[in-house]
Amino acid sequence: MTLSVDLTHRFAGFSLNVAFDAPPGVTVLFGRSGSGKTSVVNAVAGLFAPEQGRIVLDKTLLFDATSRVSVPVHRRRLGYIFQEGRLFPHLTVRQNLAYGRWFAPKEANHADLGQIVDLLGIGPLLDRRPGALSGGEKQRVAIGRALLSAPRMILADEPLAALDDARKAEILPYLERLRDVMQVPMLYVTHSAAEVARLATTVVVLEGGRVIRQGGAAEVLADPLVTPTGIRAVGAVLEARVKVHHADGLTELEAGNQSLFLPRVPQSPGSALRIRIPAQDVILARHRPDGLSALNILRGTVRHVRAGEGPGALVTLDTSAGPVLARVTRRSAQALGLVEGVEAWAIIKTVALAPTDIGGP
Amino acid sequence: MTLSVDLTHRFAGFSLNVAFDAPPGVTVLFGRSGSGKTSVVNAVAGLFAPEQGRIVLDKTLLFDATSRVSVPVHRRRLGYIFQEGRLFPHLTVRQNLAYGRWFAPKEANHADLGQIVDLLGIGPLLDRRPGALSGGEKQRVAIGRALLSAPRMILADEPLAALDDARKAEILPYLERLRDVMQVPMLYVTHSAAEVARLATTVVVLEGGRVIRQGGAAEVLADPLVTPTGIRAVGAVLEARVKVHHADGLTELEAGNQSLFLPRVPQSPGSALRIRIPAQDVILARHRPDGLSALNILRGTVRHVRAGEGPGALVTLDTSAGPVLARVTRRSAQALGLVEGVEAWAIIKTVALAPTDIGGP
Amino acid sequence: EGPTVFAASSLKTALDLIAEDYGAATGQTVTLSYAGTSALARQIQFGAPADLYISANAEWMDVLQEQALILPESRVDLLGNRLVLIGPAGAAPIDMAAPLPQGRIAMALVEAVPAGIYGKAALESLGLWDAAEPNVVQTDNVRAALALVALGEAQLGVVYASDAVAEPRVTVLAEFPADSHPPIVYPAAIVAPGKPEARAFLDHLAGPQARAVFDAQGFLPLTD
Amino acid sequence: MGWLSEQEWAAVALSLKVAFWAVALSLPLGIWVAHLLARRDFPGKQIVNGLVHLPLILPPVVTGYLLLLSFGTKGPIGALLEPLGIVFAFRWTGAALAAAIMAFPLMVRAIRLSIEAVDPKLEQAAATLGASRGWVFLTVTLPLTLPGIIAGAILAFAKAMGEFGATITFVSNIPGQTQTLPSAIYAFLQVPGGEASAMRLVIVSIVIAFAALIASEALARRASRRVGGA
Amino acid sequence: MGWLSEQEWAAVALSLKVAFWAVALSLPLGIWVAHLLARRDFPGKQIVNGLVHLPLILPPVVTGYLLLLSFGTKGPIGALLEPLGIVFAFRWTGAALAAAIMAFPLMVRAIRLSIEAVDPKLEQAAATLGASRGWVFLTVTLPLTLPGIIAGAILAFAKAMGEFGATITFVSNIPGQTQTLPSAIYAFLQVPGGEASAMRLVIVSIVIAFAALIASEALARRASRRVGGA
């Protein structure tokens, strides 16, 4: 399922001019506060009619300003997880969750209520009304409500912002499963580079109402020039394959012909994975280091060294597993003689490949 | 200014039983969604009267259930940044910001409107009403409104959750300045370990309505048993002192008698700093490593090795700068022979000491 | 400064004309306040600034007189009226000796409003009440009863002759014999303490010019 | 029973019946009109709004007279409805119609205010979950408007209990059929010394109205407690 | 001018004056009572609530009669106020009083509904910023209640323009002093052939009321646009 968006709108003091084509999978809208993310999502949902533009989902024309086509919101069947919850105050949590099911076509692929409730940890809340739920509880119910409406596509506006890391770590794999197993496409807004790396098929970077960059997750995150949410987001994404699960709880992956070790992942041997290596978690050495607690050491050739404004430099290392990025100090780069063409080793801490940074392709 | 909280309340299905004493500075309430953080803050603000309990701010008794004392909300003068914004829809952004100033005593220490507006980047929004602001814009105005009310104390409930990293990085130093220069105490709710490390004087960890741990930020974050928001929060906090600013943009710090290098920090030589070293960003070696891009290598002695449930282990290394924590795989721990008493080197990437993890003492 | 007159509403047309003439002749503005007889009487009980009261029945005037709110010597039965049975325009006259034809009979409230009270007494004395009662629809004033017949909603109505005159959509089918009901009188009296202008106007009302107007409106001037 | 005469009891019973049906039957229309005025823009909206308020502006007698003109047996609407067996003239149904029309502006305003207070964002959320306009209205707008509907109904009920001028003009006063409490009270007040009798009926009115008010407050409280939380 | 007699113009002017003052002077009290009923719990709340609704429940004549009893020159309150120079009996002020009392339940309900719709969380936020109860009310509750206040005022104005029964019973129907439009219409309807004259006045009433309605809608729209965003 592909989504094609092209829209122009002038608010007083802010103009939106966004066009992108999203292939199947998860498209992440990434950008600073006020860059227009929610406006784009609202236009796709049909809650906001831009002055100009055209929105097509698969073969369905959802909106076209010129021919004055606009499919009514309720026929679009897009499960929208709002930035601000929007639970129905007069219904219990259970009724909120069940609301969309009422209207979904009978033959739709329904998620299982019990499973979602367990996933979100909202079992004890089912008979309460939303009024006195905590911030995170509200957000979890809102996620469940959208997931249970059997949507053709999910629109998620910072769905995990109010949640703690542990809860995020529980929900993210489910979203991955939606993407991979149930093939539900998503338009996903987030400020979190970890979520981008983990979920995104495509990243669309917005700034001041315009698309400043669009591309695959690996590509966009590896681009040091695109750091809308801070330098910490830069990193490489490698494609890997599960090789074997070891008895000590580690999983061995193969990327290129190199081995990488990760805490046990659920995927069975042979399955493909994406792993993200934040540039700042990589240490470089000119000689193969020895006697380190880090298990993952990749050999490569320096492709280029880009000095930033501060004391840092970003080094791209071509390895057989793919390009790996490393942020080092200029001082170190000089001391080690890191220049284009030299051989170097990237040292990556096993446990730095944290679960939230791992996802299927 | 010290805050002493002791309260007991039974909601249907949830009971709150929280007591803690907070020294001057920033007290962070840390805990999973639904653990009772907002309820505690509401009780301090006077928006929720617990069945039992006593709340004292400095020498002022704010609330005492037994003697039926409850200072009215508006006399408490606590600047509350709510989890859900709560902007006044009928007032412009400017009027929202100015609201508290009206009621503040003339002699109060007023923050400067222009400065706050710049800090929060809400200049272009001043004449708009909050209705159509973006999620992050609302949140920023809410922060400004509380800061400008000249409060005796700030209550902040996940104030930065809706913001991008870049914006957070701009606001955090201001909060630090409030804490350090203007000496405004804060009760601060967050899910972010980085914010805890940076701001917290004291951390109170809640779970299921009870305090499960309380202590200094360094102490609590270094405790692997307290990981309410996931294992990634564990790390050591070291006290350091600025030694010299180098020409290549690095600042040299001294911790214990060891040198540490950081991208330039604003503090002048001689000033004290707190730096956080997340356990997962530390690599251990048995021999002094050489030819690495990492500039910060600390020598120490393994105090203990704690194996977790997964494939990981947490190693505490006593260095002259203080205890440093490292998360390594059990496999590495065995391979390197990391046991109590052996000598080891901690390799810390310079740039891993990111700005949001640095704060004054 | 002319007198303020509190008068039963049904006198409006006649009194408006008379007051206009009177004003033209004497230069005095007569202020006329029209409302239901009972409302006016109560207002006088509570100190209304009325100089002259013209009631549509004797009872309310009696009440005021007992409470010494009017000057008893000024009280006159100013006007009389006749009670008539009406039907839609063009309907054939009716013989009161025979039973009334079927159809709704519009009357003012038969226990409360003078025209209704008189009407009921008249029908009773003619032996027609028991048959008529189920068909009686009662209104809060005579004019509303008249309107029901004029609009064709009721086939018969019991109203004052003075009401029937000016309504072209109704005809008088029969006149009730004067002895079939208590005499219909509109007593008038000066409200205490008594204002000279009120006496002058009361005298004018009893005079020939006013009588002519009342006559034309279907009232029976009683004062001689 | 001895306190009120049989005919007075009949007036009490009739008033209750009239007020009940006046409210019950006009409520759906009131909700519809309120929704129209609150949430739609259409040409002639101000005319509809004005018409709704008309019974408030006009003296009741005029309203009653206009009702008689249009809904009487000889009136155009009355003549149209009669073959269908719907008769208002001189029936208690007419009293109910008059009461409903007089109470309509109060009912509509209360409901409209409540509809306007419903957050459109919740309605949008319902639409994204697949609910069509009609379902959004039924499952979100309407339940959230409940306090206003209750308020509107009780206002209308009170007004219907007290309505007199339009009722007596339209359906007159036929004991047992169209004699409501206010007509009976009016009659007593017309004759000297009738005040005491009138007061008995006034007290009955007040008792009924207080009971209805208290019930409605309890209902509204429950409705908003459900929305508020806990 | 030829279309209406001088006396009729006087009635129009008087009705406007009466309705304006009835609304203007009762509005603060209406807001206060609405706030009390919406946000406070106190013993006797149901009694207050009932009293507010009383003029709706009672036939207007009864209300007028009770006003006469209490505010007449011989009534206890009237006697009390007279030395202070405040006289209601048979003055236009009395007509305003009657209109205000008859319109009061409508005004209070509309405002109350709007107050109940204000999110208490905003009021709490204002309190944390240092606003005392009174200031919270003035700076947050009141502005957010504006649409309801406008609705309440226009309902009350319409009712005041149409009020008849209580007014004529309380202050009579003295041209130039207490003769309002409805009283004048009523008087015309009492005499044969008066319908045409009555209709002219009815049209005047309607025109005034429509103008007031349209103005109030525009005001309310502006008030809620301000709240809604943009």
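In order of appearance the chains are A, B, C, D and E, and numbering begins at 1 in each one.
We adopt the following convention: a residue touches a chain if its C-beta (ideal position, glycine included) is under 8 Å from a C-beta of that chain, and two chains touch if they have at least 3 such contacts.
Nothing here was measured: the structure is a model prediction, and the numbers come from that model.
The chains in contact with subunit A and with subunit C alike are D.
Ranking all chains by how far their C-alpha centres lie from the centre of subunit D, first place goes to B. With chains reduced to the mean position of their C-alpha atoms, the one farthest from subunit A is C.
Just count the C-beta contacts per chain pair and the biggest one is A-B. Taken over every residue number at the interface, the positions common to subunit A and subunit B amount to over half, indicating a same-residue contact.
Remark: subunit A and subunit D have CA centroids separated by 57 Å (rounded to whole angstrom). Look at where the CA atoms of subunit A average out and do the same for subunit B: the two points lie 26 Å apart. Inter-chain centre distance (subunit C to subunit E, centres taken as mean C-alpha positions): 35 Å. The geometric centre of subunit B is 90 Å away from that of subunit C, both derived from CA atoms. Residues of subunit A found to touch two or more other chains are 12, 84, 128, 132.
Multi-chain contact residues of subunit D (touching two or more other chains) are listed as 61, 65, 165, 186, 189, 230. Taken together, the chains touch in the following pairs: A-B, A-D, B-E, C-D, C-E, D-E. Residue ranges of subunit A in contact with subunit D, taken from their complex: 45-47, 72-74, 76-80, 82, 84, 86, 88-90, 99-100, 102-104, 128-132, 145-146, 149, 155.
Every residue of subunit A that touches subunit B in the complex is listed here, in rising order: 11-13, 31-34, 37-38, 83-84, 124, 128, 132, 134-137, 139-140, 157-158, 161-167, 169, 191, 193, 228-230, 232-233, 246, 248-250, 261, 263-264, 280-281, 283-287, 289, 291-295, 310-312, 326-333, 336, 338, 347, 349-352, 354. Those residues of subunit D that touch subunit A in the shared complex are 121-122, 124-133, 135-136, 139-140, 143-144, 146, 226-230. In the complex of the two chains, the subunit C residues touching subunit E come out as 4, 6, 9-10, 12-13, 31-35, 39-40, 42-43, 45-49, 141, 143, 146, 163-167. Subunit E meets subunit D in the complex at residues 46, 49-50, 53-54, 56-62, 65, 105-106, 109-110, 112-114, 116-117, 147-148, 151, 155, 158-159, 161-162, 164-165, 182, 185-186, 189, 198, 202, 205-206, 209-210, 213-214, 217, 224.
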